[in-house]
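Residue numbering begins at 1 within each chain, and the chains themselves are lettered A, B, C and D in the order written.
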Amino acid sequence: MAGPVRGPVSDDLLREVLEANLVIPREGLATLTWGNVSGLDRERGIYVIKPSGVPYDELAVEHLVPVEVETGRVLAGDLKPSTDSETHRLLYLEHAGLGGVAHTHSTYAVSFAQAGRPVPVLGTTHADTFNGPVPLTRHLTADECARDYELNTGRVLVEAMGSRPGGDALDVPGALVAGHGPFTWGPSATKAVEHSVILEAVAQMALHTLALNPAATSPGHLFERHFTRKHGPDAYYGNPDRMVAAARA
Amino acid sequence: MAGPVRGPVSDDLLREVLEANLVIPREGLATLTWGNVSGLDRERGIYVIKPSGVPYDELAVEHLVPVEVETGRVLAGDLKPSTDSETHRLLYLEHAGLGGVAHTHSTYAVSFAQAGRPVPVLGTTHADTFNGPVPLTRHLTADECARDYELNTGRVLVEAMGSRPGGDALDVPGALVAGHGPFTWGPSATKAVEHSVILEAVAQMALHTLALNPAATSPGHLFERHFTRKHGPDAYYGNPDRMVAAARA
Amino acid sequence: MAGPVRGPVSDDLLREVLEANLVIPREGLATLTWGNVSGLDRERGIYVIKPSGVPYDELAVEHLVPVEVETGRVLAGDLKPSTDSETHRLLYLEHAGLGGVAHTHSTYAVSFAQAGRPVPVLGTTHADTFNGPVPLTRHLTADECARDYELNTGRVLVEAMGSRPGGDALDVPGALVAGHGPFTWGPSATKAVEHSVILEAVAQMALHTLALNPAATSPGHLFERHFTRKHGPDAYYGNPDRMVAAARA
Amino acid sequence: MAGPVRGPVSDDLLREVLEANLVIPREGLATLTWGNVSGLDRERGIYVIKPSGVPYDELAVEHLVPVEVETGRVLAGDLKPSTDSETHRLLYLEHAGLGGVAHTHSTYAVSFAQAGRPVPVLGTTHADTFNGPVPLTRHLTADECARDYELNTGRVLVEAMGSRPGGDALDVPGALVAGHGPFTWGPSATKAVEHSVILEAVAQMALHTLALNPAATSPGHLFERHFTRKHGPDAYYGNPDRMVAAARA
């Protein structure tokens, strides 16, 4: 099933998407077969995503499903893509900057989604990655659940992203679907699932912080400082070449 | 002790029940020797269950205890079945669809059982598997504790299942015994203990959700959608053949 | 340092005490060098205890310190016994049924000790082992802290045990020192630390239960049933020979 | 890059700092590349610190960055030091007793920092290491965030340490930066990160204790006893030679 059939997608992308999916069980972001990560080759208009219902400890490059972004058509293989594939697809269609999308059922992020609360910015751990609260979508209507449910899930995510004035999709690379759980994204599959890891960590901290102080808050200038020291033209965190190397390792 | 003595039960069932029991320590659903899983050969009228008090890291196929469903008679071996064996037996007798039963002392599910609260449906992680709240039994009376305690535990579980109008045992494949802990079930031992894993995950999410929002709720149409995309005639989640293969691997 | 010097203590006891101490890091009951377990040879009037401040991953039989119960005199070796040794000693002196004592800094049991609350009986997981609440000592006075602090810690433990009317030390094999943490005991070092494992599990469940329902309670007849199915003349849990074998393995 | 270039720093210090950094992922004190530990050679006026953004599982002695304490000048190598390096430097400049500094994003310590609460002394686990509450800094002003942010973070830490009357930096070897997280220190890198481990453990216990009893408290004489049995001229905990050996192993 490998090779020519899947011709259009590079081996690098396949390997990256496989590795990114395996972060989910390794970091405890979901149990069983839950969760999925995809990575996009925007030039070719194809994304590669985890198949539906395959256990992580069996998952191999051959199982990954290539999907045409424009149409949702499966391009190779005999496995179905993740049921959430259409949500990924809509995010790629709507936001040109996305190269990867991840969906998990991580405990604390799901708890905020179920509680109907965005994850507030309570500290620099959050601000290092998310330049504002991690937003919460509205609930889908009965009609939106009945038809094109997964595509509509993508639509309410896009709505929630847009509700941040002037927001770029990568400024706050994640959101919570109300009553469901987190989606995160980034310039690559690697970064997308890394944002899932971070979102879970900051959601856990936020829950404990609110238990200690329901009115917890910190000044915005602290958070701006942290976001800008990692992102944008004045960033000075990290040794960029090494980080890319690590992501590719 | 293996082979002919245990003749009536297939090696496949024995191996499946062993594997299903080993999920309990691996997933942290109980410490020490707590917990037990059984699997049923309904045609032969025999279920196989973990012995009482044997440590998981010693447990082998030879230790599993075959029990006659109709009578509770141990059919082979010199080990006693789990003390909870009679609870399993009653569930098999009362619900024709069950092929496996699991009992754990997982932290969060037990906490709901001790708190006297069903696990409410607060999100799609729950609704993917449990088509409604995970019910709570009434407390056993002093008489029910004094005689046939374990059989009576099965009876209150059956009562609690029945309290869901029109409910099928597999629609909500688990319940909490008040002041005790969770029992889950399924078409096989593998599925029964998988439901224990899921119940613990959703119980933890529910506890955190209620801490963030004691009045948390989401619309029922979202949950229906999730249950039906995984179950029933219109299910479209998973790659069924692969999942069966994985369960048998 | 081994062999003749330590002559009076059997190799079996040394190995059992070593193994029992290693349960502490393996089960996450303490970090760093915290915690200690001892085992008693009552006939010879000697107990063997972990040395003070030795990391668990270096701990070997040769490091264990034999102490005379009657006097507290160290009988061999050049390592100091755990600073809590005198607390163990007092428990052995006061309760003839004890063959092992364990002390940990496990998170949830410590939290109850710091909160000044006994661990209430909220479910069968607790009742299977502890036939009543796990009691809390009174605070030590300034004088009791200033002189013979560790011995006085043993004394308030004995007081707390005695406050249960008609109690046998093994009916509720553990207690919390106020502002400090748990001590547990049993007929052997193996059982003593097993009770530490169980206490931590039930303390965690109790904390979550109280979060879900501050007034949680269940009928006493359920708990009696569970304690008596595991303990006393009518016990029917477990396959006793195998369990002893496992403890000795 | 090794050897002569880095000449002034001993191999022992490099190895200790590497090991101390690896405690962070092993003990779960941070995810991804978060956190950093440094160790000081006070005689030579050089400290060695983790580079910025290098994954822990790639980290090697060659990546560590030597920095001149007086000036902040990087003395060798082509990697940038941790972004928090200036905070470490200020602590070394201001407190002559420090030989190591650690910074983590551990969940519970961060939660107190975000909640704007010091970690109160609620039990002996805390008092064994921290002779008083773990203080919280004031928030940095917008100006302090805009210029020399990391140096100013060190300054508010020093302020917070000084607010303890008569305090020695090693009496309470750690503090929380408001809205950010914990810094800990000690006579060596090994001890600095050990204090991070302990701070996280006691912060978790404190959070659970406050959930069980918001007014929890214990008498100061108990805590004094515990601090003095481990520290100062009358200390009697541990077998000092072995502990040093272990720290060097």
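As a convention for this text, a residue touches a chain if its C-beta (ideal position, glycine included) is under 8 Å from a C-beta of that chain, and two chains touch if they have at least 3 such contacts.
As the structure is a computational prediction, the values presented were derived from the model and not from experiment.
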item: For subunit C, the least number of touch steps when starting out from subunit A; value: 2
item: Interface sides of subunit B and subunit C: same vs different residues, half threshold; value: different
item: Fitted rotation between subunit A and its twin subunit D in degrees, CA, nearest 5; value: 90
item: Chain whose Cα centroid lies at the greatest distance from that of subunit C; value: A
item: Centre-of-Cα separation between subunit D and subunit C, whole angstrom; value: 33
item: Centroid spacing, where centroids are CA-atom means, of subunit B and subunit D in whole angstrom; value: 46
item: Residue numbers of subunit B (touch at least two other chains); value: 210-211
item: Every chain pair in contact, whichever chains are involved; value: A-B, A-D, B-C, C-D
item: Of subunit B, residues touching subunit C in the complex; value: 31-34, 51-55, 58, 79-80, 83, 105, 107-108, 110-117, 139-142, 145-146, 149, 178-181, 207, 210-211
item: Touching residues on subunit B, where the partner in the complex is subunit A; value: 27, 122-125, 194, 197-198, 201, 204-206, 208-213, 216, 218-219, 221-225, 229, 236-240, 242-243, 246, 249
